Each structure stands twice: as structure tokens, then as C-alpha cells.
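A single structure is presented below for examination.
Chain naming follows the written order as A, B and C, and within any one chain the residues start at number 1.
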Amino acid sequence: MLTPDILAAAVVNGLTTGAVYALIAVGLTLVYGVLHIVNFAHGAILAAAMFAAYFAFQYGVDPYVALAPLAVVFFGLGYAAQRLVIGPASHGEDRNVLLVTLGLSIVIENLLLAAFSSDTRSINTTYGFATIRLGPLFVSLPKAIGFGVSCAVGMTLWALLNYTDIGKAIRAVAKERMGARLVGIDPPHVFAVTFGLSAACLAIAACVLLPVYYVDPRVGEAYVLIAFTIVVLGGMGSIAGAMVGGLLIGVVESLSGLLLGDSLGQLGIYLIFILVLLLRPRGLFGATA
Amino acid sequence: MRPYLSIVIVALALAALASLAHSNTLANSLVTATIIALAGYGWNLLGGYGGQYSFGHAAFFGAAAYVDAVAQARYGVNAYAAFVLATAAAALVGVVIGYLSFRAGLRGSYFALITLAFAEVMRVLANAAGITGGAAGTLIRLAPSPSHFQFVGRQPYLWIVLVLVTLAMIATRAVERSRFGAYLVAVRENEAAARALGVDALRVKLQAIVISAALTGLAGALYAQYFLFVDASIAFGPWISIEALAAPIVGGLGTVFGPLVGALALDGFGEAAHAVAGRTPGIELALYGALLVLVVAVARDGLQGLAVRFFAARRAGAA
Amino acid sequence: MTAPLLVLEGLTKRFGGLTAIDGVSLTLPCGGVTGIIGPNGAGKTTLFSLIAGSERANTGRVLFDGGDVTRLPANARAVRGIGRTFQITQPFAGMSVRENVAVGAYLRHARRNDALARAAEIAERVGLGGRLDAPAASLTVSARKRLEVARALATEPKLLLLDEILAGLNPSEVREFAPVVRALSAQGITVMMIEHVMHAVMNLCAHLYVLAEGRLIAQGPPAEVTRDPLVIESYLGKGAAARLARGGGHG
């Protein structure tokens, strides 16, 4: 029976999941908006971050504690990956970027596979099954935390882009590459910072995901297509679009899972993705990249 | 005849290699590598010559593999007829995906993404549908006799793939030397300029994806016929999409020998990696990825281009 | 009076809020060299794009050689006989000069040998004969302009649209180009050229159109048009014509 309570629970569940999707998508869309490239290694970096959080937990560090340091570490890794590998290797050609990031994703995923095997791992925390009450509804505590963290990161990112020097530089490069160079901005540095920010978002996403989800070397694949869908839906390059798109996809997935069952729910994501690409390649909100 | 001479020489060299491959392991390795080369020839036509990078050639490979297997296993279709049907099915999938994507004007990353999504949709469907045998996959009944397109030992398969790869090389050369080929490369280089010269870009891209899908489909049908089994992750999994693009890129994008050179080299690298690192899963593909990045970074024209430049330098040095 | 080759009826093209072409109508007879001049940003290139089909008009019609081509895409218009060059040259960078031109030649010659032979012939005519096997990416500005002309010419157009093919060339290169254009016209191709190099325009064109802010503001023989106060003002700003007439000219 579909009571209003069950529906409401599904919506809330969708919103909390969707917030984490948004967190994953926001880095992807940021990189697209600034570098005009699609980073196919996005999912693999997420998987790597989840493994990092997993092993931190094995050494007694709670994911929520590991969140900040991991974000810093992944910022550095992302910066280095763009500055040392993706940038130089692609010679400024979009087609090459596609291949280089695909290559990177294959390397990362399979190194994880070689190192940790394809076993599925998850962590046991004291709060893993805790819930909080929200009127008539019970919401999983870690998911509520994930929701809060995602919103905080989204707002921080927005403030960063609008009020800091580096944020302004990023926006300048996104608009007008040549012009930015003329006013003394160093685009390779800005590109790398953008990539670093994207990786940092993934590290944060990994830390809020781990208490409620499992990790294996291919876990990123499950998210990356969803993230792509959100990015396309929200308009490639639009951060607000990614946040709203993430919540929307989360709710759609949750509701279609409730109404259609799980495996078809997965299909739904792909179909939405294909339809959006075919019908509204500029995204539902009409943002142009 | 001149433009095809090098193909004849390479085909003869392959034949010599094949007749020396007495051990089953070597023959087996060669069969898989050349099947991948064949899939790579399909990718190369659309991606190398046409500049449309697909990340989902598994859709064509898998469609053919499934049609080949299901037609025989469920409907008792003759193996050769199933083979032809399978290739045609792949071409049909190519028409549909191509029409939808190119009509919508998708290119670059968008085209890569949508092909990936189509392949994934087909994987999920094949894994759930009844007709494909669901998660259990489909077995082709073992009946080793030429009338069933099944043979004892690996050698006969090797000869068949070699013939098909040779045909793929000839087809690639023929495209290079045709109006269609010139138009295809023109669309890759600059679509607006090509249109102003009378090139119907949509039509050219559609023709390319159909031939591309059929060639990759040929590889898929052969794969099913060789292993007598398909399931969703073999047929539509990302591995074949990656191999189909890695072979031509590593070997030499948009060249006649690129996919073959690349597939053999990747196979060699894979074997070498096994020898060094043992059979740890992942090592081989990780190496593929690294090689892909490396080739894009330092050798845009792939191993073949490297070799050409190396010999040119040698000759210049000797002169 | 023969039937006109090209008729534009009330063509308008908007880019977002900007009206790049604003109700342009004109009738072009068969044959001859017609010039289009106008300040930067006047919409000249956009007008060519509308004629060649690289852009679609928001309103208005394009009639060519007795048929309505308004709804036809660029490639179909090339088949009908409209050829264009691009002001910002658009070579197929990865191909040789011969291959570049052959793409155009394939339109009327489906066989490879015919198309290649034709391409070599045409490259020769525009002065690229010595560079047939050079990669297009390696060409100088002037050679790229020639390549643009050769490619368009290879489609055997009835109407050839030349967009600033003389810009960026040195005076001796400009002098070399004039006979090429005259020869095309002599051969029966109707030529329309956008040009800033005024002495070349005066030399080559029998008729000029002047475009400013998307509108046709004047037309006629070059000597007359260039004395038109409206035209002078569109280039030099308000009051310039009066100052020029007073003999100042600086300013």
C-alpha cells in the first residue's frame, strides 16, 4: 500500500541520497565548466577516495574525522593529476582529454582491483543504523549527515567561486581563456586547482557515503553515470544545476525504485540520461556551457 | 594494385605466424587478439577516420554475439545464417544509435557518453530479459563440425579471423581511397567547412557508424561462435568497448594497420604483464590504461607511427 | 534581361538580442563581380552564411537559380551551385592541399582519380600548384586563403562567395589575385566578394552593395557609392562626410 507516509519516506530518502549525488556531480560539472572537458576518471577517483576512507577506518579514524584531511590530500592528488598528467598528455585537444581521463580511470580502477581484489567491503560504525525523528518520519542519521555536509559543501563552493581571488580566477578562465591570460591569470594553475577542488568534493562524498554504503574497485561506475546524468540534466558547467539535478535524480530514483523495483530503477537512470542528451543537451535549466 | 600490396604482405606474414602457432595457448591468444583487432577495425572507421569517439562499441559487439547465440540455441537457426543475421543486427543497432545521436547533433564528449549509456542499457536488459537467458547467459550447443561452424582445435578459427581481419584491412583501404572516405575525414577535420563543400555530414556519419557497427559485430559473432557462450558482461561489458578503442589508438589511429598492430601489441603487453606480475586480476587492464595515456601523450600516431618515424630517422641517418 | 541568379527577400538574422542582418533584399543578375563592403560587424559574413546555408535566416527567403533554397541545408545549396570561402580560414588541417581541394571536387566527380586530377588543376589555377602535397596545417595565411578559394571553386559553383580573401595579404599578393578573380568571372561564374581592400574592389567590381548594422544602405557603381555621404558616415562616424567635403579629412 502506498500510504502518504511511505511516499514521504521515499522522498526524504531520495533527497538525502540525491544530496550525495549532487556532491559527486558538482565536481564533474565544475571541471566541465572551467576546462570544457568531461572527466571520465571521476568515478575511479571516488572509488579511490572510498578505499582511503575505508583504510583510515581500519586504523581507527572515523570517516567523519577523516573527511577534512582526505579532502586536502585529494585536492593535492587532483591538482597533480591535472597538472602533471592530464594537461600535458592531452596537448590541449578535447578528444585527447577524453582518452587520457578514460585511460586514467582504467589505471586507477584496476590498480585498486589488483591491490584489494574485487571483494565488497563495508565498515561497522556505532551510528550506522541510528535514526533521527523528523515529525512522523525516521531518517537514517548518516544519511542526514550526508545531506547536511553536501549542502554545506555546495554553499562553500559557491562562496569560494564568488568571493575569493582564486574563485574569481576560475570563473574568469571559464568565461574567457585568452582574456584571463592577459590579466595575469595562469590557466594551467587554475585548471589544476579546479581539478583539485573536484577531487576534494569526491573525498568528502566518499567519507559521507562509506558509513551507509559498501566499497569495491568498481563502485565508482555506479555513481559516475548518475553523476553524468545530473550534470547533463543540470546543464553542463552549472553548479546550481548540479545541486538541483542531484536532488531531483535522488527523488526520481527512490520513487521509481519504490514503484518499479530496483533493477528497472537502474535502467530508469540510463534512459533519463539518454533522453536528456537527445532532447535537451543543454540541460533542463538551459544553462550553456 | 599498389595500395593493397602492403595488405597482402601483412596478410601473408599473419598466415606464416598462424601456421607456426601449433600450441593451443598461442593459437588461442592469437584468436582473441585478432577478434579484438577486428572489433578495433570497426571502431577505427568511425573514431579514427570519422573523429566520432564511441565509448560504447560493446553495443554492437554484444548485439551480434547475442543474436548469433540466441538464434542458434533458441531458434535452431543454422550457424552460418545466424552469423550473417548477427552482423546485420549489429549494423541495425548502429543505425538506431547513430540516427538518434547524430540527428540530435551530439559529438565529442556527448557522443562518447551516449554510446556508453546505450551499451549499459543493453547490458542491463540482456541481464534481465528472458530471451537472452538472463544472468545465466546463453550457451551454443557443442557440435564440432564445419556444418555448424564449429571446429576441433583452435587453428581453423585462427584462419577464419585472419581472413576477416584481412578483409577489414582491405575495406579500410577502400574507404580511404573513396569519396566516402574523403568526406568522412573532412567531417572529422571541420564539419562546417565540409558542409559548405556539399558534404551531407549526417549521412556520412550514419554510413560510417553502420559499417563500423557491422565490423565490430562481426567480431562479436565470431567471439560467440568461438567460445560458444555469451552473457551480459561478456557481450556488453565495458571491456570490449575499451579494447575496441585501445587497439587502434595504440596501434595508430585512422590507419589501415593500426588496429591490428595495436591489438597484437596490447596482447603482447598483457602476456608480459602476466609473466611479471602473475595472474593478479587488474594488472593487465591497468597496463592498458597506462599505455593508452602514454600513447596519447607521446605518440599521437601510435606504435605504427613511431615505427615509421624510427625507420625514417634511420634511413636519414644512413644517407 | 536574363533571369536573376540570386534573389534575397527581406532576410533577417538575429543572434540572441542582436540583429545581425535586418531585412536585406537584393537581386543579383547572372555573371559579373559584385562587391559587398561595410564596416566591421556590419553583418557581411553573416549575409554570406545565410546565402550559403551555413546559418538559417529567422525570416525572409533566398531564391537561387530559379528555386527557393531557404530551407535547404548548406550541403544541398552547394549541390545547387553556391560556393563560399570562410573569412576565418577553415582548412582540413590533417589533409594535404590536394586532398582538401579534392573534397570539393568530389561533388561533381565521384571517382577518385577524376577528383584528384581536378583538384590539382584547380590548385594550380589559384597558385598552389607547387604545394599540392603540403599539409594544410603548414600553409601561410596567403596560401590558406588560396586554399579556401580552390576548395570552393572545386565544387564548380555558379555563384562564388569570397569573404575577405585579400585581407592579410601583401600588395603584390593582392595584385596576383586580381587576375584569378577576373578569370573566374570570364569563365561564367558569378562572383560576390566581401572586401576591405578598396582599390581591389574598385578595380574588380562593377557593382557594390554597402552594408551597415545589418542593413543595405547604398548600392551602385563603385565610384558613385564611395562618394555617398551615408556610406562615408557609416565608416567614419557622424559628420565625417561633411568634414571630408570641407577638405579636412582628419578626423
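Operating definition for what follows: contacts are C-beta pairs under 8 Å (C-beta built on N, C-alpha and C of every residue); 3 or more make two chains touch, one makes a residue touch a chain.
Note that the structure is predicted; figures quoted are calculated from it, not measured.
Among the other chains, the CA centroid farthest from that of subunit C is the one of A. Chain B has the Cα centre that lies closest to the mean of all protein Cα atoms in view.
For the pair subunit B and subunit C, the distance between mean C-alpha positions equals 44 Å. We define each chain's centre as the mean of its Cα atoms; on that basis subunit A and subunit B are separated by 32 Å. Rounded to a whole number, the gap between the C-alpha centres of subunit A and subunit C is 49 angstrom. Within the complex, the subunit C residues that touch subunit B are 52-54, 73-76, 78-79, 83-84, 86, 90-95, 99, 102-104, 106-107, 110-112, 115, 151-152, 154-155.
Against subunit B, in their complex, subunit A makes its touches with residues 37-38, 40, 85, 88-91, 94-96, 98-100, 102-115, 117-118, 217, 221, 225, 228, 232, 263, 266-267, 270-271, 273-274, 277-279, 281. Remark: subunit B residues 177-179, 182-183, 185-186, 188-190, 192-201 touch subunit C in the complex.
Considering their complex, residues 51, 53, 55, 100-101, 104-106, 108-110, 112-114, 116-118, 120-121, 124-125, 128, 238, 242, 245, 249, 277, 280-286, 288-293, 296-297, 300 of subunit B touch subunit A.
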